[in-house]
Structure formats: structure tokens, C-alpha cells
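Look at the two complexes coming up: subunit A is in both, with subunit B in one and subunit C in the other.
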Partner chain A sequence: MFYVDLAISGIVFGCMYALMAVGLTLVYGMLRILHIAHAAVFALGAYVTVLVANASGSILIGFIAALIATPLCGVAIYRLLYQPLLHYRPDVPMIASIGLLVLMQDGFRILFGEQGVTFLKNPLAIETVDIAGITLNLAQIAVLIVTIIIFLALHLFTTQTRIGVAWRATVSNPRIAASFGVDAIRVRYLNFAIGSALAGVAGGLIALLNNFVDPTIGYVVSYKALAIIVLGGLGSVRGTLIASLFLGVIESYGTIFIGSYLNRDAIAFLALILILMARPQGFTGARTA
Partner chain B sequence: MLRVEGLSCGYGAVRAASDVTFAVPERSILALLGPNGAGKTSTIMAIMGHVDVHAGRVLFDGEDVTRRRAVERARLGVALVPEGRQIFADLSVDENLTIGGYSFPADRDRDKRERVFALFPRLHERRAQLAGSMSGGEQQMLAIGRALMAEPRLLLVDELSLGLMPKMVDICIDALLKLREDGMAIVLVEQNTARALAIADEVCVLSSGNVVFAGTAHDAREDRELLTRFLGMTERRRA
Partner chain C sequence: MLNFGRGLFGALAVLISQAALADVKIGFQAPLTGLAATDGKSSKIAAEIAIDDLNAAGGVLGQKFELVTYDDQAKSDQAIFTANKLVGDDGVKFAISGSYSAAGRAAAPIFQKAGVVFISSYGVHPDITKAGDYCFRLVRLGPPQGRAAAYFIADKLKLKKASVISMDNDYGEATLQGFLGDAEKNGIKVVNKYNYSLQDRQFGPIVAGVKRDDPEVIYATGYFFTAGPLVAQLRAGGVKAPIVGSQAFDSGKFIEIAGAAAEGVYVIDGFDRYRKDSKLEHFTAEFQKRAGYPPEGVAAEVYSSFDILADAMKRTGSLDPVKVRDTLAATKDFPMLNETLGGFNKLHEVVMPATVDVVKDGKFVHFSTIEDAKVLAPPEE
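Let's look at the complex of A and B:
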């Protein structure tokens, strides 16, 4: 049962990576920008969840607040930072994005302190349940359920609604989509709003799992998310999901077998380097977006 | 339906076509011909709203749309069958058609879809398939079908026959003739000059961005110098 436990804890981490990385891959698919500042949106989601939950006494309200704050932040980043820079080479908005990440991380440090913040009350991280001999805490179960719901909803949205189909059409060919009345600017706002909301939820969930948020929370995740979207075949949501879960499980087993030599993040990057050496085009092979 | 008056257009400061004037009434086909790089695609894309207009006007139904965005022109009834087809490869046939009708209420989709499938039964067989996995001819049918979903009164067709098997070309040309009968105005850019001259009512010939001929298709077919000098037709091919 020990190995099953490990796999499940790996999948839980993989879910977090997936929620975080999907926003990145969506932005890349649409604008060909590496949206590094996405990690700061993720950190914002974590902070808002913890602080609002503590102030209101309800973790649910914390998540709702994060779901409001992060899409607004993402849309503002697009409107104020990327849109004026879209006419330049793609490395220009990317550098601006890195600058914004550093700025926001330091902002969190100044506003909320170097030591970070924790939930005053977090029963989810303590209470556990046994399912068929596997022990999970409620936070892990929440992560699994929320991730499944979100990806199902995303799938239904992009295949069953007109605006969702228009979104995919714009990723595929913005100019032609515009010829049929799909407003690319609106679709971009939608793209940033949804991607950022997912990162916000991921931030809240990781705060729940670790019961801790500090100003550097975004850094490591941002590097990992970048590697994941490359692994998933840039722009592909499905590839990103597969790569995220794969990386989570690798990390989980790695910490047991070579954890005394390398820490969790080092194992993840070692795995990424090896995989990308073997398959530089990523898992899915082609750019699907 | 469509009037183009002294249109000069291009990409940024680069001029692609100068002082182009023509008119396309409803129930007619205008063939826009000329060698590669003559400015045909730029002219079509300027009518759709994707290319910078440096001078002149584009009038649709008497209304000046020169400064309107492409998204707005789509709502007025202008639809594009673009060069190289440019169907949404990652979307299914049905989803491509959905985008075609995006400017109009969803409840009209069903009837329009049936009409497209009546015109191209092949698309009905393939409706759930990813568009990118179809043959060139099927993709061209889809590109036309997608444009028809936009309830066009003006259809802009850029390269109908390029890369298609002769049988597919026949199917696509028949479709255009049917649409003209229904009252549509059509601008057709076409490499296959003989086919284009055979079905067009009016002809406009561009060379290096300038109009070198504008008149009826009948006059164009009789103008030997035009045919050999600008349209690359030999006596044998005319026969």
C-alpha cells in the first residue's frame, strides 16, 4: 500500500502543477508569450485564500475571494503589460513578465512579511480518511476533486459552448476567426481570466496542502510549470495535464529512492532534463495549438 | 453590392495594390486575375478588413466600410474563403461551421448547416472529423461551407482550385454558380484563368498592383493581348 500512497500523493502534486501550468500553456498557445508572471498570480491566489479565510473564518470564502482576485489580476496583466508590447519580439513581453514576477513577489514580502502566512484553522490538512486502506487527508481529496471538476468543466466549455469553440478557433487562426465575427481581443481577456482563475485555485489548494504561504511560493512552481508546458508540447492542454501528473508521480517516488541525495525539486528537474533530452518535442509530439 | 473605389492598400508602408476600382452587383461573379504578386490577395483581404487601406474606399451596399474592423464587416454579410483554405485544423467539421455562423444567433445554425450539407454531402459524412485530417478538396468544401454559414451577400474567394483534383474543382465551381443563382455577389481570385473567365460576368486584371483591364468577361476573352501578356494563356489553351 505504501507505493499506492506514494502514487496518490504524486498525483495530488501533479494536479497542482496542471492547474498552474494550463494557464501558461493557454497564454502561450494564443499569444506566443511565456507568461512568467503567471507564478505571481498563483502566489496571489494563495495569499488571498489564506488571508480572506482567516479574516472571514471560512476557507470557502477564501477560495471565492481568490477566484475573484486572480482573474482580475490576469486580465490587468494582459491589458496593461502585454497588449502594449505585442508588436515587439516575443522576448520583450517575456522580460517584462519576469520583471513583474520579481516586483509582485517583493510586493508580497513587503505587504505580508518575510515569514509568510498560515491558516489559523485548517481542519482539511489534519483530518484523514481511509479509503480501501489508503490514507488521505481531506486537503488531498479536495485537490483531486477540484482538479477533476475543473478539467471536466474546461473540456465541456471548449467543446460544447459557442464561445469555447470560438476560443479554440482563435488559438488556431486569429485572423480567420475574426473574419467570422470572433473578437480576438475579447477571447484574449477570457483566456487570461480563465487561466488566472485556475492558477488562483492552485495557489489556494497548495496553501491548504502545505498550510503555509511565503513570498517565494511562486518561483519554483514557475520553473516547473515552464518545463511542464514544454514537456506537454507547447500549447496543448492535454499534453500539459499528462506531463503534470507524470512529473508529480516521478517526484513522489524519487523522494523515496534518491531523496537522501537530492531534494524534491532537484529530482523533478533531473527528470525533466532527461525526458527532454530523449523527447525534445515533448510527450504529444506536435504543437497542437 | 460591393464597390471598390480607387483602393490603394498594403502591409504597413509597403504598397501591394494601387488605385483599384471595380463594382460587383448582386447575382454576379467578378474574377480578379493577374500574375503572382499582382496584389489580388491583398485587395481581397483589404475588402475583408485585414490589410491597411492607404487611399480609396470600400463601399458595401452603399455604406462606406473602409474604416470598419473585420469583425464588423462579417456581421454586415461579407464572408471569406481564404487563400490556402485556412480551415481551423484542430476543430471538427461541425465546429468549423459553428464559427462560420458565429456573428448570427445560434438558433439559425441548424437550417444553415443543412443547406451546407445539401451543397456538399461529403461534409455531412465527415462532420465529426477533425478538419485538418481531411483531403484538400474536402477542406475547400469546408472553407466554402464555413463562409456560407456567415449568411453572406458578398463572398470573397481566394484561390478556389489551387492544389485540388479536377473533380473537386468542378464541385466547387458548381457550388459558386448555384450561389450566384441565389443572388450572391462573388469576387473570385483564381489561378486557372480559363475556368475563371468561363464563369465570370466581370473581370478585373491586376499586374504589379495596378489595374490593366477592367470590363466584361466577354471582352476579356476576346482581348488577345491581355490573355497572352498578363494572363499567360496561349492560343492552344484558349481553344
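Let's look at the complex of A and C:
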């Protein structure tokens, strides 16, 4: 049971990483920008979920609000920050992105307080279900179900719809996609909207799990998601999913077996370094920049 | 006569203006932005209340106190910069740190070298007072806090089998060492140790490990932002053993995050906030008014730092830092907001009893007081 408990913890970590990192890898695939401010979009999702849920009395409404706010924020970041900087070297928008992350984090602190916010009512974090001797709380189950639904939907969207196929084509090769008549600008907006919505949902789910959102909530995810997209092979969605789950499970087992020497983040980065030494191209060996 | 009168008037005017100009500046460093901004804000408000109260009570030796505050972001590099600024630009002779260990530890040698009397309100790294004889600390060091926890678990709770969960910063490490050092002596068997990073809020693997350990008691160090999710997740994972937390659990926000899971959690060296005491009641009301939330241990310690420093100045009857330092070092039985300070030891570490709080009906209430001088003895070197 113990090992199953650990595996489930790891998969829950992995789901969160996947929701975060897919948006990041898509932006990189399309624009070659390391979208650090994605972590702030994630934090925004977490804040909006908690605040709207508290105001409306419904966690579901909180999530819907986050699903509206985060794509708008993502698209605004593209339009107002990245687009004017696209003709500079890729490190210029990246630095702007770091600046935006710091600005937004301090913005959250000033607007919503240093102490962070919590759900007034969050039964999901407390109520548990026993399945064959394994205790899971409802928030963990919600994370698993929501992540599966989202990625199935995303898969159908990118294989079954015209705009979805155009999007996939643009991420994997922007120039050739454009020569086939794909509207690159429209696809970019779509890209930021969907990537940000995923981060927003991830933020809301993390808020549910922790019952707590503070201004620095995006901090860890910001650098760990970067590590994951490198591990997944930059620009590859499949690789990112594999890397997310892999890292989550490694962290979970690592916490127990080497946890008294290294903390979870250190374990994750140690694993990352070892894997990249063996496979510099990442798991899937997709193109690199 | 006229000349004499004019001269007298002039002299008086000079004296008055000097008195007005020569306010006693107290340098203050706190993490107003960055990761520790929560405590920084509480610290700053507590410092301002302390200065207002001291000035309302007439200041010291006919002079008013003036607070000079800088943001050290709880970072060592920033604390060195602001400490140098306090010494060089502002020319302070007295300084208080309402910040974390990393910042206090970096600032202490600068104040020591400049001959500035320096109090760290709640920074727990041993190096802070080791910087020299101008440096004081108003909070108990990590190791005796950990020893007190071991003593409490064995002597009061009568429990013997423990899982230990510790955060991986200076404070967590030092407290853990104190606990582990005394656990065996108290007959406590530590089944397993777990370590987590301060950024972590997800403790699934640790919960799974503790479930396997099946301990009688859990000892954990952490701040509210880690302790809240940790306790909630332990309880949600079905762990029922009592949880004994370190001092930094002591925050209303901890109870807010952990909710019902916080019930019954013990906090070693907690802040006995409902004690009947007019000064404490005044402070609590004033803090609530200015901050919009009730004060925590951190705020009480910062307030008491100003209070005890001003008291030493008054008893010295002089603002000479050397004399004030010596009077402060000889302080006995001073009523602080959280506990009565017995005094300082050779290293200028506090000698005082430890309060143990328990969470009951969503509030921290007094559970017991540890007075054993040997358990609580601060290190002498």
C-alpha cells in the first residue's frame, strides 16, 4: 500500500506539472520564447479561483472565473509584451517575461496581502475516500480526473478540428504551416489562450490541494516547469507529459528514500541533471532550438 | 539685562532645537518585500506601535525615539547593505532586526564593528549573537526549542514513538538537532525523519511515509505556510497521531489554512496571546486596528525588543551605547509580551520559560509551561 500511496502522490504532482508545463512548451515551440511569466498566470488562476469561490460560495464558479481570466491574461501578455519584442533576440522577451513575473507577484502581494488567501469552505481538501486501503482526498481525485479530461479534450481538439490541426502544425513548424495558409497570428492567440487556461486550472487545483494561495505560489513551478520542458525535449507536448509524470513520481519516491538528505526540489533537479547527461535531447528527442 | 535675557533665550532655543533634532534613532530592518513579507509587515507595525507607545510615555531622557526602517528582504546581501546604511548614513547607535536569520546573521558583524547595540527579535541562527558583545537575541535558539519539544513529548504527553518532519533551513535544522539530541535521553524512539523545502506545499510522500511509520506522535518544524498544508494533508491522509509543532506554527493563518485539522496541534514556545495583561491587551488591540489581523509571536517579540532596549536606556540614564549594552546584558525579570525574561546569558541569549499552546476551537490557548532550566538552557559558547 505504501508504494501505491507514493505512486499516487507522484502522479498527482505529475498532473500539476503537466498542466503547467504544456503551455510553456507550446509557447517555446511556436515563438522560441521562454515564457517565465507563465508562472504568474498560474498564480492568477489560483487567486481567481479562491477569491471568486469565496465570493460566490461555489468552487465550480471559482474555476469558471479562472478559465475566463487566465486566457485573457495570457493573450494580453502575448499582445502587449511579446509581440512588440519578437524581432529582438529571444533573450530580450525572456528578460521581459522575468520582469513581468516579479511585477505580477508583487502585484498579488499588494492587492491580496502578504499572508495569502484560503478557501472559506474547501471540503475537497478534507474529505477522503478509501479505495482498497488507499486513502485519497477528494482534491487529489479532482486533480487526476480533471487532468485526464483536459488532455483527452486537447488531444481530440488537435486531431479532429481544423484549427487544432493548424495549431499543431504551427507549433511543430511555423514556417511550413504558414506556407500552407495557416493564420499564424490567430494560432498564436489560441496558443496563449489554451496554455494559460491550463495553467489557470492548475493554479485552481493547487489551491484546492493546499487550501492556500500566497504571492510566491508560482515560484517553484516557474523553474520546475522549465526543467520539465527541457527534459521533455523543448516544444514536444508528448515529451512534456512523460517528463511531468516521470519527475512527479521520482520526487515522490525520492522524498522517502533520500528525503532526509535532499528535499523534493533537489531530488527533481538531480534527476534532471542525470537524465540530461545521458540524453541531452530530452525524452522524446524533439528538435532543439 | 536685555543682553543677558537674549543670551538666555538664545541658549534655550539652541537647547530646545538640539533636543528636537537629536531624537534617538533606532535602526530597524525587516523583510517588507519578498518571501518573508508576511512577517516583515507584522514586524514593521509592531515596531511603529512600540515607538508610538514609548514616545507617548515621554521618550527617553527628554528625547523622542525615531524609527529608521529599511527593507532587508530577509536576504543577507540586502541586510549588509541596509546595516551599512544605518551605521554610515543614519548614524544609529541602536538597531533592531525584525527579520529572519539569514539577514540578522549578515547584519550582526556590521553593527558589532560599529559599536551599535543590536537586538535580533526572532532570528534564530546561533551566529547572530556570536558576532560579539553588542548583539542580543530575544527569542530562544533552535536547539533548546527542540530539546523543549522532546521534553514535552516524553514528560507531558508520555509518548515514545515519533516521526519527525523538518524544514530544511537554518531554523529547522538547528531545532531538529536539539530535538534529536535529547530524544533518546527522554526515551523517545525516532522512527523516521523527513525533510522538505520551504517552497513546498505538497506533502503526499511524507504523509504516506508517516502512515507507514504509524507513530504515537509527530514532531514537525515549519512556518504557517508550510505547516498549514502539512497538517491538513496529514489529517486528510488519515494520520491521527498528535502533532507537536515548532514555534513558527504560531500564526492565526496556520489555523485558517489547516482548518479543522489544526485542532489539538501543540505549539512549543507559542505565544500566550489571551493572557490577562494590560500591556498585552493594549498591544493586541492596537495591532489589530493597524494591521487588520491579530498579532503573532513575531510581532510581540519585535515590540518587546524596543521595550527592553528603551528600558535599558532609562536605567542607564545615558545613551552611551557601551553603557546601555552593559545595562541591557544585566536585565533581570523583564516582562515581555510573550513571557517574562529571566535574563541574558554570557552569549546574550534569553533565559526564560517556554509556553506550550494547543489549538482549541480554532484558537491558540495555553496548555502548559515548561520551566525546567536545564532543558531550556541556551548554549554558553
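Basically, the second predicted complex is superposed on the first by the 279 of 289 C-alpha atoms of A that agree within 3 Å, B and C clash if a C-alpha of one lies under 4 Å from a C-alpha of the other, contacts with A are read in each partner's own complex, and residues count from 1 in each chain.
Quick note on the criterion: a residue touches a chain if its C-beta (ideal position, glycine included) is under 8 Å from a C-beta of that chain, and two chains touch if they have at least 3 such contacts.
Worth saying up front: this structure is predicted, and the values here are computed from it rather than measured.
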Of the two partners subunit B and subunit C, more of subunit A gets touched by chain C
Touching A:111, do we find subunit B (first), subunit C (second), both, or neither? neither
May I ask you to decide whether A:76 touches subunit B, subunit C, both, or neither, giving the answer as first, second, both or neither? neither
May I ask you to decide whether A:125 touches subunit B, subunit C, both, or neither, giving the answer as first, second, both or neither? second
Quick one: classify A:173 as touching subunit B (first), subunit C (second), both or neither. first
I'd like to know which partner A:183 touches here: subunit B for first, subunit C for second, both or neither. first
Across the two complexes, find the residues of subunit A that touch subunit B and also touch subunit C. none
Given the complex with subunit C, which residues does subunit A contribute to the contact? 2, 5-6, 8-10, 12-13, 16, 106, 109, 114-116, 118, 122, 125-128, 135, 137, 140, 206, 209-212, 214-217, 219-220, 251-253, 255-256, 259-266
Interface residues, subunit C side, partner subunit A - complex: 33, 35, 37-38, 40-41, 168, 193-197, 199-202, 204-209, 211-212, 225, 228-229, 232-233, 235-238, 253, 256-261, 293
Would you mind writing out the residues of subunit A in touch with subunit B in their complex? 159, 162, 165-166, 168-169, 171-173, 175-183, 288-289
Applying the document's contact rule, which stretches of subunit B touch subunit A when the two form their complex? 48, 50, 69-71, 74-75, 79-80, 82, 86, 88-91, 95-96, 98-103, 106, 146, 149-150
